[in-house]
Amino acid sequence: MDEKVILKVENIWKVYPNGIVANKNVNFEVHKGEIHALIGENGAGKSTLMKILFGIEMPEEGRIILNGEEVKIENSKKAISLGIGMVHQHFMLVDSLTIAENIVLGNEPKKYGLFMNKAQMLKQAKECSEKYNFNINVGDKIEDVSVGVKQKTEILKALVRGAKVLILDEPTAVLTPQETKELFVELNTLKKQGHTIIFISHKLNEIMEICDRVTIMRHGTTVDTSFIKDTSPQDISNKMVGREIVLHVDKKPAKPGEVCLEARDIVYVNSIGKKALDGVNLKLRKGEILSVAGVEGNGQSELAAVLTGMIKPVGGSLKVLGKEIEEFEPAVLRKNKLTYIPEDRMTNGCAAKLSIIDNMFTDKIESFLKKNNVFIDKKKMKEQAEFLVKDFSVLCGSINHQVQMLSGGNIQKVVAARELTEDAEIIIAEQPTRGIDAGASELIRRKIVEFRDRGAAILLVSADLNEVLELSDSTIVMHNGKVNAYFKDTSKLTEEELGYYMLGVKKQTEKEVNAIL
Amino acid sequence: MSSVLESIFSTTFLFSVIRVATPLILASMGAVITSNAGITNIGIEGVMLVSALVGVFSSAFGFGPWFGFFMAIITGVICSLAIGYVSMSLKADSVLTCIAFNTMAIGGTVYFMYAVVKDKGTTIALQSGKLPSVEIPIIKDIPILGDILSNHNVVSYIAFLMIFVVYILLYKTPLGLRIRSAGKAPNALSSVGVSLLKTRYIALGVSGILGGMAGAFMSMGYVTWFSKNMTAGRGFIALAADAMGNSTPVGAALSSLLFAVAEALSYSLQITMIPPELVQMLPYLVTIIGLVAYAARKSSLDKKKRKKLAEQ
Amino acid sequence: MKTRKRMTVGQFNTWFEVLRFGLAIFIAFAISFIIMSFSTDSPFAAIGNLFIGPMTSVRRFSTVLETMIPLTFAGLAVNVMFKANQFNLAAEGALFMGALMSAIIAIYMPGPPIMVIIAGMIAAGIVGSLVCAIPGILKIKWNCSEMVISLMLNYVMLYFGTYIFNQVARDPDSAYKASYTFREGVNLGNIIPRTRLHAGIFIVAVFVILTYIFMFKTKWGYKLRVTGSNIHFAKCAGISVAGVIMSSQLIGGFIAGVGGSTEMLGMYSRFQWSSLPGYGFDGVILNILAKENPAYVPVAAFFVAYLRIGADYMYKQSDVAAEIVAIIEGLVIVLVAATAFLSKFRHKMTTKVSKNLLEAGGAR
Amino acid sequence: GTGKVQQNSKDQTETKAPAEEAAPAEEEVAESTEESVGAEKSAILIINGNLGDLGFFDSANAGMQRVKNELGLNIQVIETGDDESKWESALADAAEEDVDYVIAVSPSMVEPMQNIAPLYPEKKFLMMDNTVDFAGGDYSNVYCATFKQNEGSFLAGAVAATLAKNTGKLGFVGGMDIPPINDFLVGYIEGALAVNPDTKVIATYPGDYYDPAKGKEHGIVLINQGAEVLFAAAGPTGLGVIEAAVDADKYIIGVDSDQSAGYAANGDEKTANQIATSMLKNVGDAIFRAIDLDLKGQLSLGKSESLGIAEGGVGLAKNDVYNKILTDDEKKAIDDIQAKVVSGELKVSTAIGMTTEELDKLRSSVAP
């Protein structure tokens, strides 16, 4: 047995109830004290494999060897007791409880054998956060803290339980660049203290920056493991998808036309009473991609939600295609040829239990009716759905399968296929490629450019700076609920410059910002 | 009319409010525990019913009412766990499971009643005994208070004690922390290796204890026999009390008391010439109005708060 | 290759569902049989009577069909409301009020009986709609739990209906609580002599077909299904969800109301209900058995009605209380609704099927 | 065929009687069957509610036991529960059996009776406590008996007023606000007034026959209002009223059966002693009488009889408790009243056919 190897999985098979083989014959080795990246396309089975390691899913076959001994991980409790900790991609925190309560949950200090010992609890949580140099206030309630602090709480939860092997499933997806940097510092500290980290991400640059080795998964199996220093981003992505992919979107210069969406003085107050939007002005023109950049939580998602009618602003006006919008309702806006790719595809983007075909035309079912205007024309729907599935290369068994059977990227393709409709004049795309692999991202980006060239106006809300720089024609930056900067020509913009505005280090004058109008 | 007022402002009115509220408080505490754990337990109605029958049987064929009380609690726990097994381990929808269970409880109690006493109506043919009433030493001598508070059935005192116990359990113990987490963020609980299933089973078990007590009170405190479908929707009312009280023990208890006041009022109003059907409707109407008022207040407060913040 | 593999797993699943359903019924009967054998010396005879009971005479069999009618209506009503993801249990109150409304019309409205019947049904439907709309409105406006509200509302309806009944329709000369008798000829006729089977069976058949078409073939049904499946998505896609929720409650209530009037005009000649008929919960039960598909609702209703009539026969022939049927129903429902029931076996089989296919065909 | 007959009669001897009565009964059957006239005959009773009410239905059931024991018939008692949709088919089911008498005992069974009886002209139907519309159809195979519950309640009211020596207030709990229940109330009020014209009567209706807890609350409210003696006509709900009376140490008047004896038989002496008397509605006796008469060929089918005190249809349970708590003078006074009612000297009103206004007027006149 190799001394270095702390965790080893051999010949893991996992079949989901619907018959999809998510993991087939997976072999995977993690060395002690390394940061090991796991990367793979949509549906490659990374999450599934991690869930197996953390006892959430049971494999049908295969062995897990930890510290040279074969182990059976029946549940998370067992995993924790074996020193495995997992930070899931989605937060697993109780919002109404404090950080300390979240950290000690399941391991609560007691007094008189029956009651909570609050003092002891705070002490424990504090000691732990100090030990790993996590700068947080453990008495705060989760609902009041930032995403970064939540992520730290998640990691502390694992560490306080003595995790030696830490699984991080796409931990940076929701973090700002600054927070990501901070996290990386902390991960390096952990590494120095002897912890082993498995790091899942779709972002190659992060993997190149922090990881020691990388394992690539494709179609349910591990295809390759190599040292980061011996490989290159190009190499990794080739192995991931098994073909050359174009990392850059080719696009012709924009030809902006008339204004088709105009927002004035939009104000929105969120549920905890913060002014999430504080007098936002913007104009969107035909044939251009305007991107909205910004550090998460500065009002971009609220802006998208207001412009699509998902939430109602407390002040301001909106003009679409020259018409004043009285009612902020998705139905009204959609009637005005506005479509929307929402950020949260599972909540707002699809009905997971309905079939793919039923999810394809939800917004335009009225145009799939028979002559009497009551009955649905199933035949027309089927033809069109089959066409779109091909056009967007949605990987599925049949268009009658439930959407929930698809992997994340393919669900996103279904959403995009629905929203990128022929007669759409305004497209609001919110994080359209978040959390999906390069191949699918490229397809969606290409489609967006295609629609721009056809004369649609596109508002791209994205936290991915590469995407902003590559895809958009002009850019606005949001900071603290206000538009902080407007750049008419994105191609003249650099990543650093954008960062300054996003963090509020730099700020344009009102006149410069209002140049958009 | 004056006699109605007289009766409402009498000590006996408040006395009967407490009695009417007893099964509701117990059952609503059960509902509070389960809804905190993230389970909508409309099966509490059936749990009460089955416990009431088992209580009577055990009392009649066993060692008297306290044994019956004990067995009713055991039954409550077993029934609740059975609901849990089906809805959690066998993964059936919890509302559907509860509806199925209630159906089984209504029919099943009649089936067993018939099998034992050859009646489908009541078990009055059995001598099942009654849980005692208790005089509270000092309080009983205080003029008005004594008349209201003393000499209730022992289960009434247990019910009020349970409000306190449930409060402590939910907010001051590790188990309470887990139960609340199970309801608010089940993923969070499993992510730290605490079994969500186990936590919810425990919550259901505790609610079974409370439901069992409520059932025992119906058949061995309120009256001394079981009669077909004798809970008559009290479990549903408990659920409404839980909703009205925002799933807090004190809130749910106050809501139960509100219903009990309306119910007691409906008994007193019967002596007027107001049509009895309208009077009987009162408690349910009050509950609906209470639920709506609570929800409306919540949403208007929310709106106001936002408006105010926007103006700042 | 790919399509063949999907089909095979799909075929296995269909086969498995049938097996599971059968097994659920078998287990329910087995458990009930054990329970019965404690209280009777001849459990075999008892369970035999349960099965053959409804077949022992034309009249008994027609009783099954009669019982099926209100059950099916309730099942459809609940189906439409549940499909919009609203756990509205007010079908019970709607059925009661619908029955009362049509009874009042049948007593007082002049004109040819057929007109009276049609007017009665429509009025009953409207009343049913109003009843079921209440939880819907409160849900939309203030986000009140429709389940809790409807549970309370049913009692309000019982007492309110009884009040109306007393004021308007009660026959003071009757020696029991009953309305005046309906006008001559105001009933749904009789299809088979010496039974009570009435033309309501055709009405319910029409409603099953209409509900099915509505749900799966029309734009409204489509919007309803999307809303029920994911309300946020429906809203985002421009569906007016409040309208859909409201209309689903109105339609469900309408069906329940018509169900009440069909039962009233088909089976009785005067209104004499003094308690809630209990169809609201039955409707939920039927939906589980019918896998939430309106087309299967009558099948489920037949099954339940057959059991209940069989149980009555069994009780009459032996000393086993008919209420055992509640236990059988409950167990069947629980096992059918229990998605994890037999899941281990299913998983093992799926794994085997998938792996075999994989080895045989290669690609995923 | 004969096989079926035999099997049926064998089945039907396994009656659905309360357990404690069953054992001695069986032996008697064995000896009496031989010589009894009714040996080959059988009867089915439909209880369109549930047994265990210690009242009306239990009384009917007791009558059936007498029919079995004394007349030697095979009997069967079917409880249908309160699901109205089942009543008619239960009646038809019974009529389809190889049976001679089909018996229904509650007012609300009249409609099914009218629908079913003409379809089975070879069977004899007994309808208790209500009458079919003999003018409206061919019901030559139906015998109906109604009970003058107002007459019996008159006596109950008289006893109650006699016992209410302090406040003169009486309480009444009726299952529902409906004519047959109000018939009890009307008689009760008039009987009480006959003894003491200043008597006050408070009436309440829980609106439910199966919620004893509610019944108890109603009883308590009445007692709190100063009612000294209670009277409940409310099925199992009424049992809760009895509990309230017992808890408060008040007298209550039982209904339909001798409820004091019922409790005593169950071993509950304390309750038995609080039930001053019971207003008997001898439905069981009426069933027995009808079948007995028919076996002798004397029953006039196709007719309805109204059974009052004179016919033994209603009356008071003058049992030990009654004898103990009433003085001889008081008992004599009650007997006098009873004689006057029988002779027609005292006229008792009935709520059947009374308008709501008339009833309200009567109720208001005695309201405290």
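Before moving on, here are some points about what is shown:
Chains: A, B, C and D, in written order; residue numbering restarts at 1 for each.
The working rule: contacts are C-beta pairs under 8 Å (C-beta built on N, C-alpha and C of every residue); 3 or more make two chains touch, one makes a residue touch a chain.
If you want to know which protein each chain is, UniProt gives these names: A = Simple sugar transport system ATP-binding protein; B, C = Simple sugar transport system permease protein.
The structure displayed is predicted, hence computed values, not measured ones.
Centroid distances from subunit A, each centroid being the mean of CA atoms, peak for D. Of the two chain pairs shown, A-B and B-C, the one joined by more C-beta contacts is B-C. Inter-chain spacing, taken between the CA centroids of subunit A and subunit D, is 75 Å.
Mean C-alpha positions place subunit A and subunit B at a centre distance of 45 Å.
In this assembly, the C-alpha centroid of subunit B lies 29 Å from the C-alpha centroid of subunit C.
Separation between the centroids of subunit B and subunit D, computed from CA atoms only, is 36 Å. In subunit D, the residues that reach two or more other chains under the touch definition are 16, 177, 207-208. Annotation for subunit A: no residues touch 2 or more other chains. Listed for subunit B are residues 110, 114, 120, 275, 277, 280, each touching two or more other chains. Contacting chain pairs in the structure are A-B, A-C, B-C, B-D, C-D. By the touch rule above, subunit D contacts subunit B in their complex via residues 16-20, 22, 49-54, 57, 79, 81, 177, 202, 204-208, 210-214, 216-218, 220-222, 224-225, 236, 239-240, 243, 262, 266-268, 360, 363-364, 367-368. By the touch rule above, subunit A contacts subunit B in their complex via residues 56, 75-81, 86, 88, 90, 92-97, 101-102, 105-108, 110, 114-116, 157, 161, 267, 269, 271, 273-275, 314-315.
Across the complex, subunit B meets subunit C through its residues 40, 42, 86, 89-93, 95-97, 99-104, 106-108, 110-111, 114-115, 120, 233, 236-237, 239-240, 243, 275, 277-278, 280-281, 284-285, 287-288, 291-292, 295-296, 298-299.
Across the complex, subunit C meets subunit B through its residues 35, 38-39, 87, 138, 141-145, 147-149, 151-153, 155-156, 159-160, 162-163, 166, 281, 284-285, 288, 321, 323-327, 329-331, 333-335, 337-341, 343. In the complex of the two chains, the subunit B residues touching subunit A come out as 168, 172-174, 176-178, 180-181, 184-185, 187-195, 302, 305-307, 309-310.
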